[in-house]
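Single-structure report; data block below.
Lettered A, B, C and D in written order, each chain numbered from 1.
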Amino acid sequence: MKQQKEVKKFLEEREWTQYHTPKELLLGLVEEIGEFRNIIKWEKDENKVKQKIKNNFEEAEDFFGDMLWELSSLANYCEVDLSQALDKVIKKHKKRFPIDKVKGKHTNE
Amino acid sequence: MKQQKEVKKFLEEREWTQYHTPKELLLGLVEEIGEFRNIIKWEKDENKVKQKIKNNFEEAEDFFGDMLWELSSLANYCEVDLSQALDKVIKKHKKRFPIDKVKGKHTNE
Amino acid sequence: MKQQKEVKKFLEEREWTQYHTPKELLLGLVEEIGEFRNIIKWEKDENKVKQKIKNNFEEAEDFFGDMLWELSSLANYCEVDLSQALDKVIKKHKKRFPIDKVKGKHTNE
Amino acid sequence: MKQQKEVKKFLEEREWTQYHTPKELLLGLVEEIGEFRNIIKWEKDENKVKQKIKNNFEEAEDFFGDMLWELSSLANYCEVDLSQALDKVIKKHKKRFPIDKVKGKHTNE
């Protein structure tokens, strides 16, 4: 993901990497998740969940941007290449979950 | 992020989007964060935190892959383009945090 | 909650309060939540969620014990009395949500 | 914890148990944790963390009340007695971590 380095440069220019410790960033991710949940809280009907997200599209988009921002910073700390990490997971899942074995069934059995 | 569509295809082929509801995915992200925390828990010394992550590099890399996997699925649900969402946040932060105003200082004041 | 002081004594006797910093404990709570989620993940049917929890009763009970353990430690740090904090919330909710106004309706409108 | 039944009565009188599903409550807990983190975010100095919490005592107290509120509701769903669950954990920890074995040392080794 090309922006991973851009985040690194942004933080270094501001001498902010000192604050971006792993535990702080993990908590940052948690905070974002909590805020996103707030949009759809208590809704049981899946259509209403979808509608709520549509009605708050900008906030939802921010959520993803902020999550990726913090993940990029944490990945820089860990010297992990985000794009490569995702490729590996996709490859692993393809091998682990062949279509004909899992179609329509979830994996918590 | 090119893989966002790949995740979509993977899930649709397996008829798994039915399970990938927003609340389920938010909890999935939480579970990943908890697992990553487990690697570095109780460590106060930043050097030891770094070392623990290095010693568990594969698990750390998995964390990022899994987080991006679930974020991709949630973004597909929300019809958000992940790469664009991050670009917007970067642009916003550049405007909001000019180097000379914030250098070396964090923003929780 | 009578055990709040017991947790304090336990940690002090082991010189563990140094590790029980707020951020560490918040992440500890997150880890517990992630583990509990694992029991019921992907289940859409509320009856199956209930059954899964029943089948994993001991793990569920552990979850609550661990959550209260970490909350007790964090409350000790913050000099908050847990029982009193809950009493205040109950009182606030009773005032804010009179039965005849909210019966059967959730509050995310 | 005597209030566990009070929470049950409160929710039943308002027909709110239908919304208090396990996944919803887990996300509620996550949201509270995220809000608490917001008080102390980016602070590296433990004294400043403590001061920030002191300066926001009411919000911190609310956090504990809200966490216990949601835990009580989830415990009612799971038919777990909160006080008993904590007693069991305390007992387990006492056995697992004898003072002379662990004094001053954390357990992530």
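Methods note: contacts are C-beta pairs under 8 Å (C-beta built on N, C-alpha and C of every residue); 3 or more make two chains touch, one makes a residue touch a chain.
Everything quoted here is computed from the prediction, not taken from an experiment.
Asks: Same or different interface residues for chain C and chain D, judged by whether over half of the residue numbers are used by both?
Replies: Same: most residue numbers at the chain C-chain D interface appear in both copies.
Asks: Is the C-beta contact count larger for A-B or for A-D?
Replies: A-B
Asks: Taking each chain's centre as the mean position of its Cα atoms, how many Å separate chain A from chain D?
Replies: Computed value for the inter-centroid distance: 25 Å.
Asks: Let me have the rounded angstrom distance from the C-alpha centre of chain A over to the C-alpha centre of chain B, please.
Replies: Spacing between the chain centres: roughly 3 Å.
Asks: Can you list the chain D residues in contact with two or more other chains?
Replies: 19, 21, 23-24, 26-27, 30, 33, 37, 40-42, 106
Asks: Chain touch graph shape: choose line, ring, star, complete or other and state it.
Replies: complete
Asks: For a test of understanding, state which residues of chain B touch chain D in their complex under the given definition.
Replies: Per the touch definition, chain B meets chain D at residues 23-24, 26-27, 30, 40-43, 52, 106-108.
Asks: Within their complex, state which residues of chain A touch chain B.
Replies: The contact residues of chain A facing chain B are 1, 3, 6-7, 10, 13-16, 19, 21-23, 26, 29-30, 33, 36-37, 40, 46, 49-50, 53, 57, 60-62, 64-69, 71-72, 74-75, 77-78, 80, 82-90, 92-94, 97, 99, 102-104, 106.
Asks: Report the residues of chain A in contact with chain D in the complex, numbered from low to high.
Replies: Answer in residue numbers: 18-19, 21, 24, 27-28, 30-35, 37-38, 41-42, 44.
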